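In the two assemblies presented below, chain A is common to both, partnered first by chain B and then by chain C.
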Partner chain A sequence: MDTASLTTSLIAALPEVFLACAGIFILMVGVFSGARATHTAMLLSVAALVGALVLVLFGPSRAAFAFNDLFVNDGFGDFMKIVVLGAAALTLIISFGYIRREQLDRFEYPVLLVFAVVGMLMMISANDLISLYVGLELQSLALYVVAAFRRDTLRSSEAGLKYFLLGALSSGMMLYGMSLVYGFTGTTSFTVLADHFAGQAAAGQELWLGALVGLVFVVAGLAFKISAVPFHMWTPDVYEGAPTSVTAFFAAAPKVAAMALVVRVLMGPFGAWVEQWQQIVVFVSIASMLLGALAAIQQTNIKRLMAYSSIGHVGYALVGLAAGTEAGIRGVAIYMAIYVLMTIGTFACILCMRQKERMVEGIDDLKGLSKTHPLMALALAIFMFSMAGIPPMAGFFGKIYVFLPAIEAGLYALAVIGVLTSVVACYYYLRIVKLMYFDEPAEGFDRPVGREVGAVIAGTAVLVLFFFVAPGPLVDGAAAAADAFFAVAG
Partner chain B sequence: MIDALIVFLPLAGAILAGLFGRALGDRGAQAVTCGALVVAAALSVVVFIDVALGGNARTTELFTWFDAGSFELSWALRVDTLTAVMFCVVTIVSAVVHVYSIGYMAEDKSIPRFMAYLSLFTFFMLMLVSADNLVQMFFGWEGVGLASYLLIGFWYDRPSANAAAIKAFLVNRVGDVGYALGIAGIFLLFGSVEFDQIFGAAADYQDTVLTVFGIEWHALTVICLLLFIGAMGKSAQLGLHTWLPDAMEGPTPVSALIHAATMVTAGVFLVCRMSPVFEYAPDALTVVTYVGAATAFFAATVGLTQTDIKRVIAYSTCSQLGYMFFAAGVSAYGAAMFHLMTHAFFKALLFLGAGAVIHAMHHEQDMFKMGGLYKKIPLTYGLMWIGSLALVGFGIPGLGVGLAGFYSKDIVLEAAYAAQSAAGGFAFWLGIAAALMTAFYSFRLLFLTFHGQTRADQHTFDHAHEAPRVMIWPLYLLAAGAIGAGAIFYGFFVGDGRETFWNGAIFALSDIIEEAHHVPFWVKALPMAVTLVGIALAWAMYVWRPDLPAAGARLFRPLYLFSLRKWYFDELYDAVFVRPAWYLGEGLWKAGDGALIDGVGPNGVAAVTRSLARRASRLQSGYVYHYAFAMLIGVVALVTWYIVTAGG
Partner chain C sequence: MIVQTLCFYLFAAVMVASAVMVISARNPVHSVLYLILAFFNAAGLFVLIGAEFLAMILVVVYVGAVAVLFLFVVMMLDVNVAELRQGFLQYLPIGGLIGLILLVELVMVAGFVITAPEVGEAVARVPMPPPEQVTNTEALGRVLYTDYVYLFQASGLVLLVAMIGAIVLTLRQREGVRRQVIAAQIARKRSEAIEVKDVPSGSGI
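Entry: the complex of A and B
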């Protein structure tokens, strides 16, 4: 690789390069400033994430392909990177108070999260099975560690270990699938794979069963990352066991990145095989929606509840992907962005659940919140209504944007099941509202709530509540993102 | 512009008092609503002079309301003589009632709410009378129903008030179904709901038949009967009248405004407004005549025995509405509107006077716990005399001099006689009988309340006091109307000036009123004669020999009970409609809804969901190898699926 093309490549990956360098810099700051550097490291990390966000939005124009086509820049990647960076920055902001109070304030925490985000950006922009795997593993390794970040408690260590073991299994399956695909096609490049399969489909040839099996394994590995059923089993345990701020992070940024990866793999190299992978996606989507709706009913721990809730939401987002159309992909992008907003807002509320200097996680602890913390109760009620998909909250529009393409694509059963499960899911979302507004107050939560958390709760609540006033920017952005696949294919 | 001001000033008052009542305070809310109504009343008089006397009818289009396919509808104010008369009646009575309420409701907790409801009602009523199409009229029609519901149930902490409000609402729904079907029929036939187009085309459709259920019906008759069912509900005609007496649970000013002067006359207004259509449906008019006459008679008989002062007046209202309907039924629409107008004055006066009595007696409404009050509240006493004399139609037939009711009731009866039909004769004789009873119960009310030894307990009697000036002054205005309205407007409404006065706002194929002027003298004298008999009877029974009523009640016990129990209408409806509906409802609820639908549906689904939820969460064992196993099963299942489908 000559200097000129290296320069072009480095500029093409400028946000990633910047964030990686920033991560190393923050690590140095932490190492050389001792234990008290956590606060600085946190601030610097937020600044680094915002800086990367600015680079994505306003940085120099980046080439479409870089590093010998291992890396791609397109509208879809940019949209997803913005969502991931925003989600990561917000989850870092709301965990400021939490990690201080829970004695988790070690500078490695923000550094690990920054590296995880670098991995996510890499996998969003992956244009090759190998670069995909490298990005994914960078992300996963960082997350294994933060899941077990509270080494002195059994639940956190158990969560980290479980996540690591099952993650390793899923990586193994994915690698095996990749090897099958490579074995049958002789390439790992998405561009070449896409051309190859498109040519094969155009010629009316049968596709190789071996490559199809490879695809199944790859999808299984990816489904693990988005915690889609039946690869979801780790989610409730890890969500419950990990420190709450880590759970908030898990629920937001990696979900978006993994969903972006699923979309990229299925729509990119395997775009010609829509009818084949549609079956997997439909099955996984229905299973996720059903399990997310049903299993959450029994939960008493709010973090476990959120785990099942996120499984359900992934199911809904997959409805859009199952359609396989431009409108469907736009729906996925919109749904993930709205999901991130709701989730971060809800976790910001959960991070405020402290009684007598101790974190509480029971759903019953929310009883009578409207009397002790009226504003927080209002915000949480907005998030719950939105997650339940009740108009005019943002969540309702998210569901509309994924269900309509599915209906247009003729996937009636999928849409009907989706609507039915969202009715079931209403039960546990609205139960929280009922507890907050109609039950006698339990012991109130500690004050103060913290300015930065309050601001995040208020901001996300306003966005969720008033999304319908100006849905334009998000919908247009998502449309541009979805256009990326169809412009290339067309 | 001025028309729109009249209609929307009360709405503005209602919004201000209703939404900003707390900021305005009681005084502010009263000032805003009363001010708006007084201005509206003054403007109405201006409009009346311009439109009715100046012959300057017009329609002002405000904006297009619907525009769906061929169905285009504007919101317009049609102001002709009919509307101008109603404008005056509604706004003047409403203004009086607003001011009166300041005194009557002084001790209430929610004055702004009350004033807002009153103004809201007035707005809807004005909307109703100024409509230029049936749909807009329906809007006002339902609006007054709503406002009436809110006002009857104003004291919502009283169960009886709530029950009465619901009853009024439900009974009116029956009528409204008829009205709505009538509108649909008109649209089906005429392709429009605008008055101008309907009236212009009515003559073309006089022989049209509709085939419904395989039977041929005369189209206009069906439509008019449906509209009349709506009118019966609003105007409490026989069969749909049961809500009106119960509605007396509302505050007395409400009774005066809604249940005497304005809303209950909406049915009469509807028939007069639709006169160009009704004229081509003679069978429907016959029905209107019979129903009106029967109501006039029926309500008068019930009024004879009631003991609650407001219920007597309520049945009297019901009876007088019957007069208006049978006047319209014999095509004497001018006479009907004339009686509507005079009745509004003296009946509002009677209600508000009764309110002053009730106020004096600390909310005692039973006439048998009053008596001898004339010394205590002489002003109210005098006003009640004027109202009663106007109601019974006191006057001198030969000279043609009398109070308001004398002119209007006599022209109504003369028109019924002049119709020279079976229905007209029926209406005339029942009307005469009702006039006798009207005189009896009106003076029974006066004698029981104001004369003789008091039957009130000593404390209440000693503390009986004249109402404050804010309640008495408005009554003078009504009293003036009750005395003079008949003499002044006789010439315009039904006299020689009627052609130019109505200016085409009402339409009759034959000029029945002209014939009514030429009936024999005994027809003109008979109402006054029976009225004097009625007054004498009342005097004999309640002043001269107070033991007579009890003896009479014993002697004619079945008749007495029949009247006292209001012809057993409520019992009949309870047995025929309410109980079966209740049993059916309970049966459906317990067997159908509870066992079948809930059991299989919501509860069954919920039970299945719960058990599924338990199983789903039991899958979550916590063992890593279980989780790994689940993942592998998933992959194997998917791969198998593809090998079977793609390979096979």
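Entry: the complex of A and C
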């Protein structure tokens, strides 16, 4: 690689390079500034994430392939990067007050999150099995640490340890699958793999059994990262044990990045073998939707409830992927963007659940919220209606955009099960609304809720509620994402 | 050529012997020391086949870091050797079985290489520079810092995150620790440190 191609490559990866340098800079600022280090580092991190977002949106035009084809830029990647960066910035903003109150204010917290986001961007732009793995590990390692960030409490340490052990197991499975794929094809590059498999399919040959086994292992490892059933066991414990601001982060940005990775791996190199992985995705999707709907019913802790809810939502997003068509991928992109909005809004409300200077996490603590905090109750009700998929909220459109392609692709059973489980899921979403509006008020939550949290709640609630007025930008963006992706893959 | 052969047998014999000593030595510290000896001899074998980079890495990483870490751990833990050895016979069948499977697999691999050498060629598709012109350190460096510079830098970030994580999860600011502040020591003046008292003769202070 000569200087010219290195320069092109660095410009192609400008958002990632900028964010990585910013992370190191914030680390230095944190080390050398004394008492106010955390506040400064948090502000700088939000600024860095927004800066990277601006670079993705308005930066110089970036080459499609960079770093010896290890890195790819396309419309799909840009769309997912925008969602990830926006989600990460918003979750950092809503955790300002939380980490100050809960004595978590160490400047390494935002630094680790910035590095996790760098890993996510690398995952989204991976065009090689090795760059996929390195990005994934960068993300996971930072997340293991922040899960255990409140190291003095048993639950947080347990969450970190559990996440670390199961994450290492899934990484091992994925590496094993990758080694099989490499062993049978002699390459790790997505581009070469896609050409190879497409040629094989065109010649009417069978997929090699070894490569197929490798594909299954890779999918299993990825399913762990998006916490899809049957690899979901860690999710409720980690979500409950980790500090709430960390849980909010876990539920938003990493989910999107991992889902983008699943789409990229399955539609990119293995795009020619849709019928091989379709049945796996259909099974994982049905199992996730069922578990998300049924297991959440008896939860009393709102963080656990959100964990099961996120498992269910992953199942719905996978419905679009199972279709394996351009419309399906557009559905996945739209669904993940809407999911992130709803989740961030809900977690912003959860972060306000404080009584007498202590965080509370019980669903019963929400009783009568409409009398004590009418606006927050209204926002939370909007998020719950949206998650349940009740029109005209955004969540309803998200579900339409994934179910329609599935029906067009002939996956009727999948779509019917999806609709049925979302009816079951309505029960626990609407129970929260019932608690807030029809039960006698319990003790109200502490005031004030914090200006930035209030702004995020209001903003996301308005977006979720009035999505139907102007769905254009998001739908067009997602369509462009799916289109660009197919152009590159095909 | 004869020197090479002699060296090979020397390194191989010492390595096998020290490997046996690793599991049979009574003192765990001796075990670790024998492990280091085994690593050094393995490095010698690597040099003999022209893989000098692997040899250096083996010495730097395994002897310099891993084995020294083992040594510290073994010396800090109070390991009771007699207790550890109690289950030796109990685990012998399963251990022997695993060893036997490994042996069979090794023989099979060697058999394939001898009987069907074309299987190995199918894997080696990556173009390699001719070994007469470049050393393997240079060849590795050339791809590592050019074709794979992205992964190289990304791995660096992973290690940085690991380091930050380890510090975050273990560093504690303890109260009442007296640290040496060299600047304060140097800046101390005679007037701050000592007091001259005029002691009248025949009585104490």
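Please note the rule applied: the second predicted complex is superposed on the first by the 487 of 490 C-alpha atoms of A that agree within 3 Å, B and C clash if a C-alpha of one lies under 4 Å from a C-alpha of the other, contacts with A are read in each partner's own complex, and residues count from 1 in each chain.
We take it that contacts are C-beta pairs under 8 Å (C-beta built on N, C-alpha and C of every residue); 3 or more make two chains touch, one makes a residue touch a chain.
These numbers were taken from a predicted model, which means no experiment stands behind them.
Participant: A:Ile297 contacts which: chain B (first), chain C (second), both, neither?
Facilitator: First partner only, chain B.
Participant: Quick check for you: in the superposed arrangement, does A:Leu141 touch first (chain B), second (chain C), both or neither?
Facilitator: Touch status of A:Leu141: second partner only.
Participant: Looking at the overlay, does A:Ile130 come into contact with chain B only (first), chain C only (second), both, or neither?
Facilitator: second
Participant: With the two complexes superposed on chain A, say which partner A:Arg151 touches: chain B (first), chain C (second), both, or neither.
Facilitator: second
Participant: Name the contact category of A:Ala220: first (chain B only), second (chain C only), both, or neither.
Facilitator: So A:Ala220 only meets chain B here.
Participant: Output check: A:Ala20 vs chain B and chain C. Expected answer is one of first, second, both, neither. What do you get?
Facilitator: Only chain C is touched by A:Ala20; chain B is not.
Participant: Would you sort A:Phe67 into first (chain B), second (chain C), both or neither based on which partner it touches?
Facilitator: second
Participant: If I apply the document's touch criterion, which positions on chain A are contacted by chain B in one structure and by chain C in the other?
Facilitator: none
Participant: Okay, in this complex, where on chain A does chain B touch?
Facilitator: 161-162, 165-166, 169-170, 173, 207, 209, 212-213, 216-217, 219-220, 224, 229-231, 233-234, 236-237, 276, 279-280, 283, 291, 294-299, 424, 427
Participant: If you look only at chain C, which of its residues touch chain A in the complex?
Facilitator: Contacts found on chain C: 122-123, 125, 146-151, 154-155, 157-158, 160-162, 164-165, 167-169.
Participant: Taking the touch rule as given, give the residues of chain A at its contact with chain C in the complex, in rising order.
Facilitator: 1, 6, 9, 13, 20, 24, 27, 66-68, 70-71, 106, 108, 111-112, 115, 118-119, 122, 130-131, 134-135, 137-138, 141-142, 144-145, 148-149, 151, 160, 183, 186
Participant: Which bits of chain B are touching chain A when the two form their complex?
Facilitator: Spelled out, the residues of chain B in touch with chain A are 609-610, 612-614, 616-617, 619-620, 622, 624, 626-628, 630-631, 633-635, 638-639, 641-643, 645-647.
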